[in-house]
Structures are given as C-alpha cells and as structure tokens.
C-alpha cells in the first residue's frame, strides 16, 4: 500500500499518516519524491485490515490518494498456488489438457427433451450436461423453470447417459436439494455477489461453476471465488459469459475473451467460456467457441436444444444439435492444432 | 412488436412469420417497405408471451431482427398508473413535494454510534435512519455486520428518535427477522436481480427500497420493481446509486443523474439518489446531493458516521455530521427555490 | 512511481530495476514488504520520461506491475495553479461566481433563424451564442453545415446582439478562417484527441471550449487540455457532454455530473455542461441543466432552436425558446439559492 | 421506421404523424395494437432524410418513440454487396482465404530498427509492414514520431523487403505526403470520426485501414467506413482494436472478438484485429491473435520491436521477434485446422 500525500501536505500531516500505519503494527517507509512525499507500507497487511486501513488513510488530512500494491485475493491467486487446479467430476476433468464441453438446453422442459438433448450432445463430444431447473428471468412474467421436477429429470438423464449434470442454484436454502440431484452447482451471473449463496456453495460437497457478473471486474470475480474457497471448497470453475456491452445492437453482452489469458496468468483456477449468453445469438456461438478455445479456455458451456423453435426460453441463443456437432468438430481441430485434445 | 425481414426474404418465409404470429392468437400486419418487408403485431401481447415469441421469431428463416414497440413492464409504468406513488412510512413520505432524506452510518457498529448518528442526522433534517446489519462485502475478509444484534440496535434507535429505520436484507429467509425490526426493507444493488429476494420483498408487509444494479438498464430495474409489485406490494422506492463507471480513478461509480427525470417520465414510483455509494468519496457527496434534488429526485440516501476515521467500513464515503448538516442546508435552499420543502 | 515486484522476484531482478531507475538520474527506494518488494522513485520524473519509463519497467523480469503516484498533467492541475481560471470573452466571464449560459441552435441554417434564436436566448438570459457551421455527423448522408456562409451569419448575429459567438472547428486548417468570425473555438467530443487540432487551438488567439470525448477518462481529458495549454493558450473551458451510456434506451449518452466536482477539485479550469448532447432529448434538458448548476458547473451549453420541428439536425434535443426561458428562470433561482448569480 | 404512439395519443395526433410521413412522399401504415397505435413507413427512406425525419417524428405530440427497421449504412452493407471484398495490396491480399499479418514497430525510430523489424517479421510470415511516423499520443509530452523522415524510412524498408507499408495519417493535409510513401493508409481509433480525414481517405488512391473507435458501436464504425466508400474508395479494411474496458486493471481495452463474426455477417468488408492495442500488454497478445483468427478475422495487426526495452513508445505491448515467430507458428496451425492458409 502506498499513500501519496498532496503536494502541499505539511510535515505534521505526514507524521500522522506514518503514525497511523505504525499503530496497526505495520512498518511505514517515507519516500520523498519530486512533487510530493509518498509513504509505503513495508509489511504484509492482514486481509481483514486491508480495505478499512486504505479507506481511513484516504480521508486523513494531506492525503491525495492511496494505491494498492498487492492483490486483494489470496486463495484464488496463482502467486500462492502456482499449479493449475484441475476439477474432476466423476472422471470429467476441467482444467487440464483436455477441452471440456458442457452442453444442454437453457431450461429443463421435459424428460423427452432432456434425454434427446443429452444423447445428441454426448454423441457430438460433450463431457457434461447442463440444464436449468431454477431460471433467473429478467421479467417476472417469464417461465421460471420446473424446480425439483426438473432436478429429477436432470439426475435421471445424467444417470442414463453418464454425463455429470450442471445446474444453477439461486437460493442458498435450495443448496441441499440441488446437491442431491446435481454433480456441479452453478452460480449465475446475477448472483456473483450473492454472498449467502457463495458461502453455501463454499460449504457444499460439489464443484462450483462461478459465472462472472456482467459488470464485475476480474478482481471482484476472484474475490467472489475467494468467498467459496475460504470455506474450504477448492473445486471452483470460473466461467466468463460476457460483460456489459458497449453495443447491444448485435449481441446481448460483450464476450471478454482477454479474461481467459488474464485469469490464466493470475489464478490457478480453471476458466471456461459461455458464448451462448455472451452473444445471445446462436449465429455467433460457433465463432466464439473457437475463439475461447484458441485463447486458452479450459472448456465451454453451450446451450443446445433439440428444437430451439419450441424452447420455453432463450430460443435465440440455443444451438440445434447439428450445429453443435459441427462446432465441436471445428473446436476439436483447433484443440489438436494447439496440442490439446477434446 | 415489429419483425423486420431480410432484404432477400422469400414470400414463403414471410408467410411463415405471418402464420406464426397468427397461431398465438395475435394479428399480423404486413408492411411492404422500400428495401424489405416488415411485419407488425397489431394486438396486445400477453406479458408471458412477449419474450419467447420475440426469441422464436428472431430465429425464423428470413428474419433480420425483431424490434419491441411496447415496454416490458406494466405495473411500474406511468402509462398504466398516471399518478405519482407516495410511500408513507409512519408519516415520513417519499414521493411527494417534500424532499426526504434517509441518513445514517454504513454499518451499525454499536448502540452509542447509532444513537449519536441518529440524533445528529435528525437534528440536521433527516426524516429516516439508515444502518446496515447485514453487509454485502466484495471481500470475504471484510467486516460483515452485526446481524440480529444490529437490527435490535436499529429498532431501539428508531424508537428513541422517532426516525423510521431502513436496513438491507440479503437473504430472503431473513425477511421475517428483518421485518420485525425495520420499517423499510432495502434490496442492495448486488441483489437487484436476486429473484427469490425480490419475491419475498413483494410479500413483505414493508415498503421496499430497491437499488439499481450497477450495470442494470432502466428497463431491467423497472422489471425488478415489477417482481415486487406483481406480488401485491405497491410500496416500492427506487434508488439510483451509480452505474458502472467509465473512469474509476476519482469515483467508484458514475451517478446516472439522468435516470431521475427518465424514471419520473416513465414510472409513477418515487426515486431517490444515493451519492455516497455512487461517488465512494465524501468530498463529492454534497455536490451530488444538490444535483440529485435539482434534477427532481424525491429524496436522498446518505451515509453519515459520527467519526468516519473509526468506521468499520466505507470510511471514505461517510460524511461527518457537520458536513451532513451543511449539505442539508444547501439542499433545503435548492428545494425551496424549486417550490419544494425539506 | 512505484514498481511492485512479483512475490518470487530474485534479488538480481530487483537490483536491475533499481539500476534502471538510477540510470535515468532518478533515485530508487527499496521497500521490503510482506509478500513482495516494491521500489519507489523518489524524485520528480520529467514529463517526457514518465510514460516510456513506466512501460519499460513494466516489462522487466520480476516486475508485477507499475503504479503511478503523480498525475500525468501539470498545467491543467490545481496543484500547480491553485486559483480558479476565469475566461473573459468580451466581458462574458466563464469560471467565476456568475453562471454563464451559451445557447443557440445546433446548426446555423439561415440569417433569420440565427437572429431569432439569438434574440430569444439573449432575452432569456444567455451570455453567449452557439451555432455550428461545420457539423460532424455520424452519417455521411446527413446535413454537414453551411461552412463559411454560416460563420458569416454567426459574426453578424453576434455583432447585432452583442453575444460572443461560439462555433466548432473540425479541421485545423480552418482555424484562421474560424478565428476570423468566432469569439470562442469549440473542439467537439469526436475530436478531443485530434492532436493537430488541439495544437492549432493552443496557438489560436481565442478561448477554446474543449468537449470531453464520450469514452475519455478525466485524465485523458485533462491531457487533451494540456495539449492546448502547453502551446501557451491558457483560456481553456472544459465541457462535459455525456459519456458512453450504459443504457441507450432513453438517453443518447450518460451525463457524468460527478465530473463537475471532480474537475473542480483537481483542476483550475472552468467546466460547463452540455445537457442537450448528453441526453439527446429535449424533455430531460431542463432537469440536467438544474443538476449541473447545483453540482457546481460554471455554465451551460444548450441547444435552442426557434422551431425544432423544422431544424436540419438534432430536432429532438433542441429546446424551444419558451422552454429555454423557463429553464433559465429555474436555474437562476438555484444559482441564487447557492449564492451565485446568472 | 416505426413510430410508436403513446397509449393515450389522440386520433388527431395520430393523423398528424400520418400526414407528416405522407408529406415526405413516403407511405404511412397505421397499425392498431393492444395498448397503442404504431405507424410504419412502407417505402424506402432516402439516406439524407432518415435521421432528420426520425428526430422530427420523435418530438411530435403523442409520439412515444421511433424505432429504426433498416440499417443506416448502405455501401458497407452485405445486403447490397453480398460478395466478400478482398483488398489486394501489391499481391498481399486481405479478405480472402489466406490470413494476412501486418507487423512492425509501434513507431519508426531509425533505419536500422525498421530494417531489423521488417526482416524478422517477414521471415516469421508477415505479409505487410507497419510503423508509425505520426504518433497520436495521449500526453503532449510523449514522443510524437519522426514525421516525413519516418515515412522515408518506411518506404525504403518496404522496397528492400518487399513488404507493403502501412502507416497512420492524422491530418488530412498530410494525405498526399503519406500516400507518396505508404502503400496503405491507416486511420487511427481516435480519428474514427474525424470526417475531413475520412473524406480525404475516400479520395486517396490507397487502401484504407480503418480502426474502430474505443466507444464506437458497430453501426457508427460502418458509417465511418461509409464516409470513405461514398467517395469512391472501395478498398476499406476494418480493424477491431479493443473497446472501452470494463476493467483497466489488466488490459488497456477490451478486445471485442464478437465484432468479427458480427461484421462478417452484416458487411462485405474485410476485418482484421489489433491485439497489441486491445490488450496493451505483450503477454496477452499471442492468445488474442489466436482467438481473432479462430473467430474468423481476415488478419492481424501486431506490434513487434527488435528490442522492446529500448522502444520510444508502447514498450509494454510490443512483441519481441522471437515471440512473434512463435505466435505466427501457432496461428498458422489454427488457420490450417480451419481450412485456411497463412
């Protein structure tokens, strides 16, 4: 932490900042500069002290601003955990050399729909199955999902096809229920900072797929992961799904493909990409799948529906099985060209 | 709803779109244009059909894009409810000619702190008291609030000073608990699309202060309000608290002051402004309070702490009581100049 | 400047950074911390060295990142020029206690239109006249302005009414031409980083109204001002006109009203607000004018047209004279309540 | 164009809108809906009428809002020009099956530097050479380029290596000078809406590489291309270089990789990607190059410097030749896997 004093800060103001840092058991270092004095903190700052100390220093007289030198997250950081984390879900691995594809419909609508979807995506190369039983919808008038009946269908379909099932939980009180049926718990973008839910996920005996909120910075996202990790659940999979768009005319969000190499460089957690929600348009999904894998993503989360025209939600962004299969073939080619497999 | 066909759509593709609209019991109108045909829907579209129909039409062959003509929200719309809603909280009114100020510390830290804060803000002109017992924090290592002990202090302070208490609820299972102690339920920005929480708030016997999410469009915000309204709770107060910033160097968020006149023109719900979170810096709070009231806001939500330097969170954005009082005096002058009172 | 080393930087890597700083004639200070070493620069860094040094240090082995402690602008900074700059344009002052209103049509269309506009805005209280002769238009098919004929009309109208004229220059080779006719040179938002134009404005014998680019940070904006100031032209007026919008559904841009108190605190230059372009909708202009002045802006730039329905551009955002007059009355009331005049 | 009337618009207000459309020689169609009436325009709207008509209708009494059905650009649209445009620069083609790489230093610094850079990038597989002689810099104190001396070095290097040269022009009066030396004219992101410059480029006898402005929507970008195309210059190459970032902590901009498939679907113009400026960090450049080509980009624009540590600008984002060569090898593998060549 560096405290930049104002150009006209008095010697007394500087001494008060030095003293305040010392009071916390930290070691201050004065750095006389050209225009101004800066004061550095030359000790490890305990995590719980970091934010309040910064805020307090910021409002002391004579202080211009405070700059952070260290990252706010620890457990999610590669500095403290150099090796890649690989999450193993009954043999389906996310995080290693193999590209993992999670596919399935936006919402679970019926036993028949799920089974057809699961068989088609498995045949094409998917390693896990997705399907929503609890659907977060922008409008209260939209279809909200089948609830527990949907979870039951997911479990049955997983068992029949051997694809582990991924589904979203929106309410931490549903966590035990969802864990009974699902193999991976998904935290949706709208809930990235729903702290009771993150804490419950941290205590659940299931891997957690954590989507990035559409206006979350990468640090905020890794701090959300930290909420899960610090409860003892180390099986966190990050999922980039598009950030707030500059231009809503053609895509629903903007896929932040740079997040893939950035996260890979600063964190050990696996990162996958959801191009269905990022684009909101099936026409662009295959191109974004290719881009994600080329950028180094560990996998994909793709919406596939046996018949998008009859879907109860997100018709526009769900791939037909035939288009999904064509995309997987392309992605496999890219993965092989990069020395990976699928 | 208008379906714009591609320039090279065939007659058959056009007829299929016309037929699909007809199947829903809606009336299609063909509009031959210069470059392309457009097909309008000349009937009221039921709320639950709106989104899925739009998505399905969008992926039909020959369709270029679908444009919405009507708004997605109904109960929050001024078109269906022309008169301003005024929320009355034990005599403190939000939404009328009088400017309402809600003030108090970020977090409830102790009985003494709350009582001092409440007395100071009441003396200066606040009509309601705020204070957080459950604190949503970006970092898991930060202070998370006193919980029920904090709620008890809030209730006691409200009773002693006569200022109705406003506090955030983060978990819908805490709703009965929070309603036992608080006069107004706050839904925080991070939870604007936490649908179980919105639904619970819609069923609570308390007015609800609904903060705008930092990347929420105005329509998404009004749809979040619709979640509460459609459960039968008509006492919703909107709160603009800053949107995702273009520039984080000087303020934490960007106060979207235009949202005030926009919301006033399209919705009947009262709207207040929270300049403390919008700026994240106490130095700019007074200027933003003045701007909000000048733009027509119904009130303010302001963080005030007896001693910001000792605060357990948000030290940087909490006003000292003396600065709060000076701000209220200015705002009162502005309100009077505009024919309002405070 | 602070160089944060990686947690696992070697002693040799640290010494190379120390040496590199020393080579530039600057004084490095090592700060051993908890997790990592940081190295500060304890000398004034010459302006031309700042950016390249930062970039070079950033890529040296063992370096995690480089943080800036000082601002990049000097001449625009209040630290080096504590007193407010007041720009005097033939007696109309921008930057002092009096609120200055610049008003007039988007584009100069005819002698009659300008004269009527000028008389109406003068009567209502405007101190300067605006009108575009060279119009930057998003579409090449849109009306591009009257050019020199428009400038002549502006000059004549200014002379007849006594209102100094403000007009945009888009091409630095037009600078002498525009200076012949106009009293204030405007640099538009799209040209905020058009460096030949900024340099020409810095050499012109006219005050310069510099609009903020819609995606410019405040530092980038002040650096654009620095381009003008460093040529010796000290008469720069900043103009906030809306930043890239989160939501285009209701307004064209998002007025960043916080920029007013932020700029006031870090710079001595006067700042005015253009709510016409910020909102793109005349209905919201009056509310934003009030907000801007309440926030402390030195003035307003408002589009007014005698008959918006017949205007050749921006019909939607131009006020009718009667609405302009009503707005000025309200703003005068606010200004008076804040101890200012208009 | 569709005019949505307010729910409570009167019959007279509706008739006035109908009449106003008729006055322009266009055919109005009334569409009675559930909540409101909409009025469509069933004729091709002349390009120059489009914007003003929309603005005028928007402010007529009883009008709620106006929605556009057609795109604003014509010449850049694939609807009017279905076949892909391929730009041929002395045999180097941009837009066809072969991936084209443009590489070279940020700024031309010396004859030796350019020659070494050109030889290295040619050897690795680049088809064109880049280098800046006129540098747009955010700070007036930064290195501004060698000017004509730089152009001369570019020409000489191009001739020696056979790589056509690409360089930026910032001032339309320099257009003849730059065309004398360069094979491709670059319009930088900051100048995307510099209309005198776009018009001059439209009249130049050189292909034009048009960078997207960091806050430009895709429609605004294609309208900027339209400025060039409508002057008769059909050789326009679009270049995505990152949009305004949600998060500046790790990258300078956010690469909008979705723009690649979107532009491919709506326009016939070739599109390349500049990952150097998008990321601002050499570490992420290779990953973004791979993503761009996987998404379908026609080529890359990459900064390469023989010795980034000694570079006069953008040290941080320039690749070393060895890293460039490794990236090209990877991209070639990807291109081959997708049935393309490099």
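The chains carry the letters A, B, C and D, assigned in the order they are written, with residues numbered from 1 in each.
Here, a residue touches a chain if its C-beta (ideal position, glycine included) is under 8 Å from a C-beta of that chain, and two chains touch if they have at least 3 such contacts.
The model shown is predicted, which means the values in this text are computed figures rather than measured ones.
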### Query
Can you list every chain in contact with both chain C and chain D?
A, B
### Task
Going by C-alpha centroids, which chain is farthest from chain C? Tell me that one.
A
### Task
Tell me which of A-D and B-D has more C-beta pairs in contact.
A-D
### Task
Taking all residue numbers used at the chain B/chain C interface, answer same if over half belong to both copies and different if under half do.
same
### Query
Any idea how many Å lie between the Cα centroids of chain A and chain B?
26
#### Entry: For chain A paired with chain D, centre-to-centre distance based on mean C-alpha positions, whole Å
31
### Task
Please work out the Cα centroid separation of chain B and chain D, and write it as a whole number of Å.
38
### Summary
Shared-interface residues of chain D (touching two or more other chains) are 215, 244, 246
### In the complex with chain B, residue positions of chain A that touch it
47-48, 50-52, 55-56, 58-60, 72-73, 136-144, 170-173, 190-191, 193-196, 213-215, 220, 223, 226-227, 230, 244, 282, 308-309, 311-316
### Query
What residues on chain B touch chain D, complex-wise?
2, 4, 6-8, 29, 31-36, 38, 40-45, 67-70, 79-80, 244, 246, 248
### Message
Could you list, by residue number, the parts of chain C that touch chain B in their complex?
### Response
215, 217-219, 243-244, 246-247, 249-251, 254-258, 260-262, 265-266, 278-279, 283-284, 287-288, 290-296, 330, 333-334, 336-338
